[in-house]
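The following pair of complexes shares a single chain, chain A, combined with chain B in the former and chain C in the latter.
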Partner chain A sequence: MLDFIQATSDGVLFGATYALIGIGFTLVFGVMHKLNLAYGAASIGAAYAGLLILGAFWAEAPAWIVFLGAFLAGGLIGWLVYVTCFHFIPSASALATLMATVGMLLLIDEIVVHATDGLPLNYPALFSDVMLHLGDYYLRGDLLLVFTLSVLCMVGLLALLYRTRLGLATRAVAQQPIAAQLCGIRVARVNAMTFVITGLLGGLAGAMIGASVGALSPLLTTPLTIKGLIVTVIGGLGSIPGAIVAGLLVGGFESVFQQFRGVTERDLYVMLLLFVFLFFRPGGIFAAKGGRD
Partner chain B sequence: MKKIALAVSAAFAACALGAAPALAQEKTITIAGFGAKTGPVRSFGVNSEAAMLAAADVINKSGGVKLADGSKAKIAIQFYDDRCTAEEGISVARRIYGTEALVAVGPTCSNVAEPLFGVLQKKVGDSSDSGLQMPIFTDVAVKVGLAKISEWAFRNVPNEMTMYSSLFYWLRTKHPELKTVYGGVEEDFAHSRASWHAIMKDRAQANNFQVVGESKWLLADTNFATQAREMKKANPDIVAIAAHPVSMCGALKEMARQGVKPKVLVGLTSSSSLETLKGCAKQAQGMIIPTSFAPVTKEGKFAAETTAKFKGAADLHSMAAWENVFILKDVMEAEKISGDKSKVAEDRRKVRDGLAKLRETKGLLGVTKRTEDREADKPYLFVTAKGNNWVVLHNPLQ
Partner chain C sequence: MDFYYGLAQIIGIHTLLGLSAYIVLLTGQVTMAQAAFFAIGAYAAGMLTVLAGWHLVPALGVSAILGSITAAAVGFPALRVKGLMLVVATLAFGEGVRLFFFNFDYQVAKGEVKVGPLGGEGFRQIRFFPENGWTTGEVMLFIWIFAIAALALLWWFDRSRYGAVLRAVGEDELAAQSVGINLTAVKVSAFSVGGAIAGIGGGLYAHYTTHIEHANFNVLVATFAIAYPIVGGLSSVFGTVLAVIFVQGFLIEGLRFLGDWRNLLFGALIVLAMNVRPSGFFGKRRA
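Right, the complex of A and B next:
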């Protein structure tokens, strides 16, 4: 029983990073009705960018500065992805933008490999030596920080969407871009800001993943992209609360499957979970109400 | 007009005659190399290429390879990227086959080597077998027993069965108080998987250690909490980790976090590299790994320094590539290859036959014996991570 509780809590805490990645995928889909497959790679790329650029000027930068660097680099990379893969491609060409983001994913991956010779890089962490013990049960300090930061970001994002003019504009464009344009909302600017915001979240997610693993590696890109898509589908395309719940769910289930079925079957069961949702609830946990005309 | 044409022709003829002696002297023998130059194990391919270029440079500065007609040819190295995938490796091998390269040194990954050797001609001279007839001389891919797949396949890789047998024997005699072993294994990488299941576990048990469990993970895993918990429960004396630096460092860090402190840590041969020390030097302190290279001889130090000039690091894999180039030079001279571009197939056969005849070669740690199944029995040492270096802990052959 303790193993089950331990595995679940470890998984849920780590699943907060999946939730951040899922939010990025779902927010872009919600606003533009398009998938940004480069998002996972951009998140890891942002973590690398923050680490390498800071490392060039500040050898032993504190962990929180490195996280901030990843956060800001994520915003910049998000904007670049928007400009190169979405802005100049006609909005009717969903396939063109999809393929463009696949190309961007591969490009970011290769840039990272060539910049680092494919070697893993140590990534700083906060509270990595802290373990809170309750008898035989423990909570990792760094994972608690990851979870807390992720929750704060999610709260911040929800506040941005529902308490600010930018958020109002974003929701208007997501509902009806033509009507939003007629109301004077600059759709291109809103789209760009969406990518910047999701990029910031992605940069933080990349930093948190690097911190919890203790190292950054180009190998993180593909699994993160797949997990992000699974979370997006299970949560419901376009639903931010759905992405949050699904991220924690996937993280928890993944850890429990690994505990009881081993690593060789773990991913099999995660995919089965996806298929169960697609079969019984294809719209996801929080299927989006209505949508565009 | 006629005079002008005559003058131009004479000028061209003079140029050609002037260049001809230089051209006639500039003979080259091509040795191809291939390995992972992209992807997570890119460092292996980069280091192998650097070592091959360095070795070729040394040989060329001494005059080059002596051909059958007494003239000398320079060695040209052409290195290809196989991305550590079987399809790409086979495609690269076929591409090399279509060039004038006499032999290919590679690949990096065992999951490439195994299927690749399968597309070579199984038995030399078998006219019913349309497999590739080109010698492959492996420097890195170390999964046990691959060379026997084809008579065109040769390997200069350490014999892990011998090394781990020796290591666990040494641990048993030096530390009789140690009783139990727990394994950590990277399940989706051919080398690491085979090294634990077929070698480390077997050799530990053969030396009267009790294997109390094993934890598995994948190369791209980010969370090792479950595996570290399992190790902690088992409380083993020795933890043997059959994983490459990328995932091994993640596991070691989690072990440190959860207070898993075995008395001895044993690692995979491929992890006795700079990559491990860059990724997790603190957590890997004291880890013992058997290796077929350390810069402890004059030749070894020279090879390491020369390879560094070509921007490569010296480890057991890249130094095997260095050794391979020198071995091939000796074989080519002994078999009197023609170096004639129209006789590539014949020269390849001579190189193959020459490699097959070898009973021993000169390695950077000492004499390497060649086995009947075209493998190598290399001298080895035990190294341990100390600070930011791998230092020699014990020489079992002394």
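Right, the complex of A and C next:
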């Protein structure tokens, strides 16, 4: 029982990063009804970019500066992905966009491998020596920071979406792109801003993953992409609260199974969880009534 | 000469992989599960020839049937969800199958050595071709017999009523349904045909490499499977072949002289190709 609660709490804290990635997928889907498969790679790539660019002229940068670097690099990479994979491809060619993001995924991965010779890089963490003891349990300080920062980011995002004019425009484009355009909203600009915002979130998620794993490696990309997509589907496509809840759920779930069934079987159970959801609740946790695909 | 035969073998196998995704894409469904059927075919054929001592041809038949049954079994629940949800469902299924083979042990003592799949180590010594003294050229011909058969089958489908039905579902599901087409039956049938083709491709792949492991069937392979028809365009099966030759022959072999830079160019060229020709090489231009 002790192990179970400990594994769950560790997993839920780490699950905050999955929630961030899930939000990124879901937000792009909500606004453009397209899938950005390069997002996981872009997030890890942003963490790399922040670390490498900073490392070039400030070798001993404090951890929070490195995180900030990843955050900003994420926004830039998000914009680049928009320009290369979405802006010029007609919106009717959904398959072409999907394929272009796959090409971008491979490209980002290869740039990372090329820049680092495929070797893992150490990534700084904050509060890694802090342990909060609660009776028999403990909470890792670095995971707590990951969780707190991710939650702050989500709150910031929700405030942006529901309290600002840009958020209003984003929601309008998501609901009815043509009507939004008729109201004088520049759809292309809103789409680009969505990519920058999700890119910022992704950069932070990449940094948080680097901080809690202690290292960055190109091998992180594929599992992150798959987990992010699973979180998106379990939460319900286009639903931000859904992505948050599903991210924490998947994090806790995989950590429990890692504890009891080992790391090689862990992901098998996550896939099973997804199929349970697809079967019994295909629209996700927070499915809109009569929602679209 | 053996180099070109080897290249032709790989192109033939990947043609089968691409065609297995082509027929599913015709119905408008994006599938990321082709690597899973590929894996099932590979392991099934390998186990039958190595452990049970079968000839390759019946073993490939079993691969095709297993691939087809699995595809139909996945198709029924997975096709309840549409569009992008299906991408994720099939992606998760593909990863699930890969992880299954990652944890799959079935070893049998054969003489001195133990043979059979061994979890993360993979399945070694699938030596049907060398044991029976097939030359590289013969193996190439054998692979291309299947590739051409699959091409001919799909080409004929395209010209038949069935092909028209597939495309009708792909163009507009609502319109197709309203003229009395059973959407589930059409999609599941396309899925099963694709699963059978991928199963045969996998069986050939296992005997071509002689050593398979779970990492041979990862998301990247599933991505390649849908990349060929999308890059080639969905208006003709020959687009898929052209795309396979472009990717395997030009991007992977032809650019080998670039060394490390080849991999960088690979992703960039796919992005560029999709920007320049969103409907693929052979696609119609849309307004």
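By our rule, the second predicted complex is superposed on the first by the 286 of 293 C-alpha atoms of A that agree within 3 Å, B and C clash if a C-alpha of one lies under 4 Å from a C-alpha of the other, contacts with A are read in each partner's own complex, and residues count from 1 in each chain.
Here is the rule we use: a contact is a pair of C-beta atoms (placed from the backbone, for glycine too) under 8 Å apart; a residue touches a chain by one contact, two chains touch by 3 or more.
Just so it is clear, the structure is predicted and the values come from calculations on it, not from any experiment.
In the superposition on chain A, A:P282 contacts chain C only, with no contact to chain B. Of the two partner chains placed by the overlay, only chain B lies in contact with A:S217; chain C stays clear of it. With both structures placed on the common chain, the touch criterion links A:V113 to chain B and to chain C. In the superposition on chain A, A:L105 makes contact with chain C only, not with chain B.
Once chain A of one complex is fitted onto chain A of the other, the partner contacts of A:V245 are absent, as it touches neither chain B nor chain C. Of the two partner chains placed by the overlay, only chain B lies in contact with A:R140; chain C stays clear of it. Looking at the shared chain after the overlay, A:N122 reaches chain B, while chain C stays out of its contact range. When the shared chain is aligned, chain B comes close enough to touch A:I209, but chain C does not. Within the superposed three-chain model, A:T264 lies in touch with chain B and with chain C [touch as defined at top]. Within the superposed three-chain arrangement, the count of touched residues of chain A is higher for C, of the candidates chain B and chain C.
Counting contacts as defined above, chain A residues 110, 113, 222, 264 meet chain B in one complex and chain C in the other. Residues 25, 30, 77-78, 80-85, 87-89, 91-93, 95-96, 99-100, 102-103, 119-120, 218-219, 223, 226-227, 230-231, 234, 260, 263-264, 266-271, 273-275, 278-280, 286 of chain C are the ones that touch chain A when the two sit in their complex. Those residues of chain B lying in contact with chain A across their complex are 38-43, 46, 187, 216-223, 225-227, 229, 245-246, 249-250, 253, 257-258, 275, 278-280. Interface of chain A with chain B (complex): residues 3, 6-7, 10-11, 14, 110, 113, 117-122, 128-129, 131, 138, 140, 209, 212-215, 217-220, 222-223, 255, 258-259, 262-264. Contact residues of chain A toward chain C in the complex are 29, 35, 84-85, 88-90, 92-93, 95-100, 102-111, 113-114, 222, 225-226, 229-230, 232-233, 237, 264-265, 267-268, 271-272, 274-275, 278-279, 282, 293.
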